[in-house]
Every structure is written in C-alpha cells, then in structure tokens.
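Given below, in the form of structure tokens, are the structures.
Next come two complexes built around chain A: one with chain B, the other with chain C.
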Partner chain A sequence: MKSKQSIPYMVPYVLWIVLFVILPLLLMLIQSLQDIHQQWTLANYANFFRSGTYLKMTFNSIFYAFLVTVITLSISYPMAYGLSRVKNSQFWLLLVILPTWVNLLLKAYAFIGLLSQTGTVNQFLGFIGIGPQQLLFTDTSFILVASYIELPFMILPIFNSLVEVNPSLPNAARDLGATPWQTLRRVIFPLTLGGVRAGVQAVFIPTLSLFMLTRLIGGNRVITLGTAIEEHFLITQNWGMGSTIGIILVVAMGITMYVTRDRKKRGKR
Partner chain B sequence: MKKQSLLMKFYLIVVFLLMYLPIFYLILFAFNRGDYMTSFTGFSLRHFATMFADTRLMGILLNTFIIALLSSLVATLVGTFGALGIYLLKRRNLQNVFLGLNNILMVSPDVIIGASFLILFTMAGLALGFGSVLIAHIAFSIPIVVLLVLPKLNEMDSALIRAAQDLGARPYQVLSYVILPYIWTGIMAGFFMTITYSLDDFAVTFFVTGNGFTTLSVEIYARARQGIDLSINALSALMFLVSLVLVIIYYFIANHKQKGSGKHKRATVNQQLGGGVQ
Partner chain C sequence: MTQPIIEFRNVVKKYDDHVVLNGVDLEIDAGKFYTLLGPSGSGKTTILRLISGFLDASSGDILFDGKRINDVPAEKRQVNTVFQNYALFPSMNVYENVAFGMTLRGVAPAQIKTKVTEMLELVKLKGFEEREIDELSGGQQQRVAIARALANDPKVLLLDEPLSALDYKLRKEMQYELRAIQQRLGITFIFVTHDQEEALAMSDWIFVINDGEVVQNGDPIDIYDEPINHFVADFIGEANIIPGTMVADNLVHFNGQDFKNVDGGMRPNEPVEVVIRPEDVDIVSVEAGAVTVRIDTVSFRGDYFEITASDMDHHEWQIQSTNGVEEGSRVGVTFDPEDIHIMRLNETEEDFDARLEAYDEE
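Moving on to the complex of A and B:
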C-alpha cells in the first residue's frame, strides 16, 4: 500500500489530534493571556510571578513532588532489583501492577480510614503508648499516601531496564573481582539509568498535579499546582489565572522531561 | 550470598505487604457488622445489601460502565486506524511528528487535560454531562490504543502485505485478511486497557462532568469528603473483583507475545518511549 492510501484511515485520527490535542492547549494558552473581559494582557503572568503566594505554592509543590520521587525511588530500586532476581518474576510483577488497577479514589479512601483520629493506625499507636496523634490532614500523610500511590510506577520502568541488562556484563565484573556491591554500583546501576529516568518522569510530573489527594488526605494544607488549577477553574471561576498556572505546569513538565531525557544516542535499528 | 538473598526476600515481602495492606483493609471492612472503619465487630453482608439497594449508586455504576464501554469502542476504532495511518506513512520524520502529537495527551497531567477540555467544551457550547464525559474519555483513550497497536504493526513482516497484493488482494482485503488478524491482539489489549482507564479516571471527568452527571470516581470523591461510609467499602470489594477479572483478561491477550507491560498509561508510555520508533 502506498502512502496515499493511508490518508482516508487518518481522517478521524487527524481530526482528533487537531480538536483534542492541539486546540485545547492552544485555548488554554489564549485563556491565560486574557483577562475576564477577553482583553489581551500579561497580567495573569505578572500576578503569578509577583505575588509571593503563587511562587511559594509552586516551590512547595515542586518540593513535595521531589520528596515523593526520592522516597519512591529509594524503595523501588531494591524492590525492582529483587524482583528481577526471583523465580517467576513475571508473576510477581503482575502483583506490582495489580494495585494500579484499583481505583485511585478507593486507595485514598482506605487511608482516610487508616489514618483518622480513631483509625487503625492510631489505635495501634495508642496501644504502644504514643497515640492518638493527628495523622490525617498533615503534610506527612500527603507524602505517605502520594508515595504509596506512585510506587508501582517507579518500580515498573526500573524493573524493565534491569531485565534488559545483559547478564554477561555483571558476570564479567564478578570474574574480574568486583564485589557484589561494586558490580551493582559500577555496572548494573549505570546500565539501568534509563529506567530510573523514566520512573522519575512517571512519578514527578503526576505528583505535581495531584489534586484530590491534597483535599482528601492533605486537608487543604498542601496546595499543589494541580490543586491551584482545580480551585481556579471550578471554585473561584478565574479561568485566566487557572490557565496561567496550567501553562506553568506544562512548562515544568517540559523541563522535567528535558532534564531526565535519554542522553545517549540510540544505536538501535 | 545466601544471607543476602534471604534479606532480599524479606524486603520484597515487606514492600508487598505495604502495597496490599490498605487494599485488603478496605475490603475487610466491607464485611464489618459495625458502621465504622475502626474496629471489626463481626461478619455481615449488610453493607453489600445497602449498596445494591442504593439505586442512585447503582445508576452511577451503570453510567460508569456505559461510558467505559462506549468510549473504548470508539477509541479503539479511531486509534487502530490512526495507528494504521501512521504505519503506512513512509516518511520517518512525519511518523515521528504524529507520534509526538499522540504522546502529548499521554504525558499531560490529568488536570491539564481536564481544564483544557473544559475550556474547549464551553467554547463549543457543549452542555456538560454524559456527552462531554464520553467525548473526553474517547479523547484520552485514543493515544493508548495507538501505542498498543503500532508495535504490532511494526513487528509485522511487510512482505506479507506485498505478497497479498501480488496475489491480487484489494486494499480492503489486505486490511481484513492480512493486517487486522495480525494486529488483533494489540487491538484487544488496547480495548481492555482503555476500559480500565475510563473506569479509573477521576481528574478529567471531574472537570467536564457538570452538575447532573456523575461517574463512580467522582461519586466516591464526594462521599469520601463527607466521611466514612461502609457501602463504599463494599463497592471497592466489588471493583477489586472487576479489576482482577480485567487484569486476567488483559494478560491473556497481551502475554501472547509482549511480556509484563504496565497497565497505567504512564507505564505504557514509558515503555513505548523507551522503545522509540522502531
């Protein structure tokens, strides 16, 4: 089949790209550059960068996302490493994936029960004599639950990159007298950096934009970029400012992808 | 060496326990006789009875499944032909442009998709409700299908197509007798994957749902903000079963050839981006 024949197939798909990929983002950009009377202005951006609250919120959001990324990475790497080494690793991997199929809201809801004032965790803390504590609606609870939710998305790409490591390379390192730790640090880890980068992308960007967790678990104490967008769009109805924060989030996403991009040239094909 | 692997096994077990404890905790309390998620006072199925008697909740459940099925069906159709189109484009850089555009919705945070769709629907004068939610779900499902079907097309030997043409097959015959059977597993994987995305989605739906129409995730959010209600636990037990069935179906399809790809779009996009354009 020649190239020409691909055109009719493409019509609905190209229409989709124009209407639902390009147009919405364009509209958001336009919205961010207008005030409520549809006059062109940079006021929203000026407002964002001049007011301390927006900048502080952005910084906080990035900081929390960074913490969640570090926590999930430090739990996931050993986990993925262990998983790549056990028998039936595909089955165990399935067990890692299964929780991601459970509705996000239900997981958040479970933690409301676990962490509440009279919840199971507090009963346990009371039992060992240091409770009850205020657990729900704190920064810590937000970080804990966000890490819990994001964990599988960090494990998966790292696992995939670990499985792809040519086993003769660690074997060679061992033959040359490297200790297991040296093999891991000097040979395996550098070879799986691609997986780590993919995991960081998969966790950092969504954590910046989580918004229902900040309400259900963070009790509005933690404001992420996502929360701010939701608030401006659905509560205060200030779409211009909401779009501005949206564009900032898109830029933050672009920067993250750029920083974590794959630097080595692909020798594939 | 032996000791180290024992330690490793212990670590794996601990992390798995942490991952599953909240889910089992949720399901366990669905069977509680009491009304709170704090102490288990005895076994009872009454929360399931309450859930099934809650006609509003059952209606929402039905809506959610209708949206999931319809949106996956349309998205699978459009996505499959989109993937075919991209595959048939002979210019590599044009392919990459399309793939790049395709991936925008995959990597965009849900809030951005939701907010920008809200602007779009409002500007187009579309009433928020069933229609807007359906369109939004179709829109975010299409790139998933493309990413699952395209690798199947790429691994197909193009000599098959040429052979069919040499033997006198018309384009639609090539499509229905050669290409579609070959990529069928990819299409089905895409279909089931998009169903689960649609069932799971909260953020995008939340933005475009308006007042009258609700899906399951949005309803759980509203109820969770009011506090604990154990019929939600019963619902989660039910949904866990549904997910389990979908996981099994999906893996039967996908494990034909591909191994262990992630369910979530982030995981999928990672793999696809990691693989690059073949």
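Moving on to the complex of A and C:
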C-alpha cells in the first residue's frame, strides 16, 4: 500500500538513482555505441569479441576474481564460524573490519613496503637464508593483497547469517545424533547460504574490475578489464571502447547476481 | 524391583557460585509418563538438559539403564528432545526433518520412507511430507517436532514445555494426543511444564521442583490431595492455607474452633498449616456454617463462580461454587473432615511418606 505522504521521502532516492545510476549507465551505453568520431556503430562490440586481447583480459578478470573469491571464502567461513561462537564476537569482528576504513591506496603502498626487494618480508627471508625473492609484481602477490582487501566483505555477511541461526537448531541436530561436523554441514551451512551468496557477490563483482592493485602490486603483469577501462579513458582516449568494456562488466555483474541468486524459496528464514 | 531407566544420584549443578540443582535424587521407570513441574527458574529444564546431555552435572551421578552416562555426549544418548520452540530445520521440508536422524545413521532409504510415513501418521500429518516448515501452523510444527524426535526410536522422549506456545484449545488437544502416543508406543516420556493443570491431566507421576530440589513426587491425585507443604499446595491448584494447631490425632484447631479431620501422627499441639481446596468449600447459611465469611469478589468463570471471601480472623477464603452469591453479603461456609488436609512445617518428603504410611495402617 502506497500512501501519498510517503512521496516526499522518495525524492532523494529517485534523484540519486536518476543522477548516479540511470544517467551514467545511459551515457555509457550511448558512448559504447559510437566510434571516436561520434558515429553510431557496433564496431566497439565487434572489436571486443573479435580481439584475443580483450577476451584474454575478460578471462583474466574472471579467473582472478574467482580465485580471490574462493580464497576469501575458504578463509572467511571458518573464521566467521569461530568468531560467532566466542564471547565479545562483535569486538573481534571489528578488528577484522577495521582495515576497510583505511584507503585502498594506503594499504597498497603498505604492501609495497612489505613485499619489495628491500622490504620487511625479504629481510626476514634473507635472515633465514632463502632471500631475497621477487615478491612484488607477481601473480601471487596480487592475489594475496586482493584477498586481504576483500576478506572483510566476505566475513561480514557470513558472520551475520551465522549469528542469525537459531541456537537451538545445532542442539536439535546433536540431539538427533549429528556429530559437530554433520551439524555444520547439514544444518548450519544450508542456513547461511544467503550470507555466503552475499559475500560472494560483495567480493567477486568488485574484484572483476580491480585495477589499481594490478598496477601497484601486480606490476601490470595481471591485466584485467578494470585496467583496460582506465587505459581507454585516460591514455588512448578511446571512450567508446572504454564504455563498451564498462557495459560488458555491468553485464558480467548482472550474470553474477543471477547465478548467485536465492534460487528456491527454501533456505530463506 | 525393576531397574529404573534413568536415575539421578545427588546431582548438583552450579554456575560459579549459583546453585541451580541442589542434590537431586530421582528415579524414572521405563514406559511411564513423567512430569517435572515447577515455576520458572526452579531447575526443571536443567534436569532435562542433564538427561539429554546438553549440560554437565557439577557433581553426582546420572544413570541410564544402570550405567553412568555423565560423560556420554548428547549425540550418543538414547534420548530425544522435543524443544520448546520446536527447533525444526528451516532449510528442510517435513519429510527431511523427520528423516534427519535416520539419514545420519545411514538407514536405507526405503526403511526411512516407511518410518517417516509411520511417524507422520502417528502425529496425524499424513500427506504433509513435501511441505516447508514455514508453511505450517504452530500446532503442525509441534507435531513435526514430535515425529522427528520419535523417528529416532528413543528409549526416553524429553519434552521441554512443548505446548506453551499453543492456544488453549490446541493445547488441550495436544495433551490428549501426547498421552495417547505415549501409551501406544510405551516409551518413557519426561515432560517439563510450569502448568499444573497440564501436569495433572497427563502424568502417571509428577515431580514437583522448586529452588533446585524435588519437593514432592507422587501420582497426580496424591500430589493434589496431599501436598507436602505450603509451596506445593499453593502451586498445584488453588488452595486455602490457614495456620492452625494439631490438638490431637484427627482434631485440628483453627479459626478459633476445633475441627474433625483425618490426619494424624503429629505431636500434640503442633503448629501446622491447614489446606482446604476451593472446590471443597460449600456456601451455606450463616447459622449452618462452620465459619462465617463476608463475600469480597465474585467472578464468573463459565462453568463455575470464583469467589473470594474473608473471615473474622482476616484469612482470605477462595471458594468455587456453581451458584453465584452477592458481593458484600455474609454467608457461612462448611467443609467435610476429609476435605481438610494438614501440612507440618518443614517436613521432609521421607518423613511425610513415612507418617502417611504409619497412620494409614492404623
């Protein structure tokens, strides 16, 4: 039931959506359909799907986002599960979330300091006689830092879904003969799938277009769609191609949302 | 004498310095319907959790079939619980909930199907197999919870205030059904409730719990007719409790008069409490009455009137009568010698039982 009184409260929302979501998307769509001389064309899309480079970048983006998602998920679930069962869990959780309040670039530079040739890690490796190693500008370092940065976004929704599980359900499972592992797998995990989905979305989608890290930590060895968009807008000035890749990313996000949607009515609380 | 299926020997449960159970002894025989009855915080649910294994006793022994089970984890005990909020698994449908225990044990699918069908028939939910939990009413969820617990073939079924969330009519219906299920299956039921009416209606045997101790145990009629002390008399049903003295066997003095009664075995002139149930009090004319009272309030309860009145000694009387009386009027009340029950102050359950036996034999 809508009442007329609620209309004034909708104004900020509608303004926001129109100015910052619908208009930019429209502009991007229009630009993606134009070449550099503002002529209508589908050439950008044809380019994208014909060139091996773009497809490889797309594959890279998805592959690395997938890796980061899997890594953060496999660390976050046990971590969130442990946190949900200790005293003062909100406080311990806060410590995990705290780094998200620090700017991404600052954290990236901190990792450069840690991982560089003369960095702390290499000093330690040298001390135990296996260093220095090339750490920075490797795939591994990129995945490590990206996982570190995305981890809180995975933990938070999982933690929230875990604390929402009725505490008498694990008791009921035990009562019926389930071991702690069976209880986790058959009762608790299915009930926290919503949190896992939200976490996967919150990590996978932004990681698709990560680009500063690819440069600062990955040393441009990892080139993702995010990097490509930056290049087209700032360096080659080919806004049409940049927008095309942007649209592709939006579509990829849509697909991700669709794949990770809440499929059945079941599993919902 | 047969071996009790569950036995508590001086079981103590405390959290830091807070004592929840203070040396509980009890014996549960196989195949009967037991009720642990007590107010909130009395420790009755603690006893249930000690049996199911969700809590560990601080000291004392818990025996199951004669074997000490203090250190047996909950999932290995041959008891199942119907939880207060049912605790059904929301991610599974009715069938999967009932089958859960069996799938854990690796029972063959065909066998599981037979058992689930049987259990759902038992709780009158045939045809509900594919329903989701959130599509069920409270009463139906309750039935699924019972079916799920019974599908595991427990030797003892624990029920933790399972009916408290249901409305009055449904609760009554479930009381009959639970009783019928228990008698049909012959499994020991241990039912926890704070509702004395529920306890009296369903049980073979009641343990009245207060402040972490078993205050009295007996069959419903004994508990109602022969409460051991003020707490039990007051908690189980309504009661008029009047201080008096026991002049001699079968003669008690209260309200300034001597009354004949049927209790004995006390010291001469021992101070006691006299219990008279409201339904045993009859309203008569002032001349015919043993005690004269003034009617304070009259409240209509459908099948009877609940009347409060006060006598000259300022004792309050509760009376149940099928006929109404006028508020403010003076009437007499009478009661028969058998309606008077005497309670000694601070009598232990052992002494109480011994005394009852002694003078019953005379």
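Assume the second predicted complex is superposed on the first by the 249 of 269 C-alpha atoms of A that agree within 3 Å, B and C clash if a C-alpha of one lies under 4 Å from a C-alpha of the other, contacts with A are read in each partner's own complex, and residues count from 1 in each chain.
Methods note: a residue touches a chain if its C-beta (ideal position, glycine included) is under 8 Å from a C-beta of that chain, and two chains touch if they have at least 3 such contacts.
These numbers were taken from a predicted model, which means no experiment stands behind them.
Look at chain A after the overlay: chain B and chain C fit there side by side.
Between the C-alpha centres of chain B and chain C, as viewed from that of chain A after superposition on chain A, lies an angle of 80 degrees, to the nearest 10. Taking chain A as the reference, the larger set of touched residues comes from B, when chain B and chain C are compared.
When the two structures are aligned on the shared chain, A:168 is found in touch with chain C, with no touch to chain B. When the shared chain is aligned, chain C comes close enough to touch A:182, but chain B does not.
Once the two complexes are laid over each other on the shared chain, residue contacts for A:191 go to chain C alone; chain B is not touched. In the superposition on chain A, A:126 makes contact with neither chain B nor chain C. Of all Cα pairs linking chain B with chain C in the superposition, the shortest spans 10 Å.
Put simply, chain A uses residues 266, 268-269 to touch chain B in one complex and chain C in the other.
Those residues of chain A that touch chain C in the complex are listed here as 166, 168-169, 171-179, 182, 186-187, 190-191, 265-269.
Residue ranges of chain B in contact with chain A, taken from their complex: 1, 4-5, 8-9, 11-12, 15-16, 18-20, 22-23, 25-26, 29, 36-39, 77-79, 81-82, 84-91, 98, 101-102, 104-105, 107-113, 115-120, 123, 139, 142, 146, 161, 165, 171, 174, 196, 199-200, 202-203, 206-207, 216-217, 220-221, 224-225, 227-228, 232, 235-236, 239-240, 243-244, 246-247, 251, 259-260, 262-264, 266-267, 270-271, 273-274, 276, 278. The touching residues of chain C, when paired with chain A in their complex, are 52, 54, 73-76, 79-81, 83-85, 87-93, 100-101, 104-105, 132, 148-149, 152.
Residues of chain A that touch chain B in their complex: 1-3, 5-7, 9-10, 12-14, 16-17, 19-25, 27-28, 31, 75, 78-79, 81-83, 85-86, 90, 92-114, 116, 118-120, 123, 148, 151-153, 156-157, 159-161, 180, 194-195, 198-199, 201-202, 205-206, 208-209, 211-212, 215-216, 225-226, 229-230, 233-234, 239, 242-243, 246, 249-250, 253, 257, 266, 268-269.
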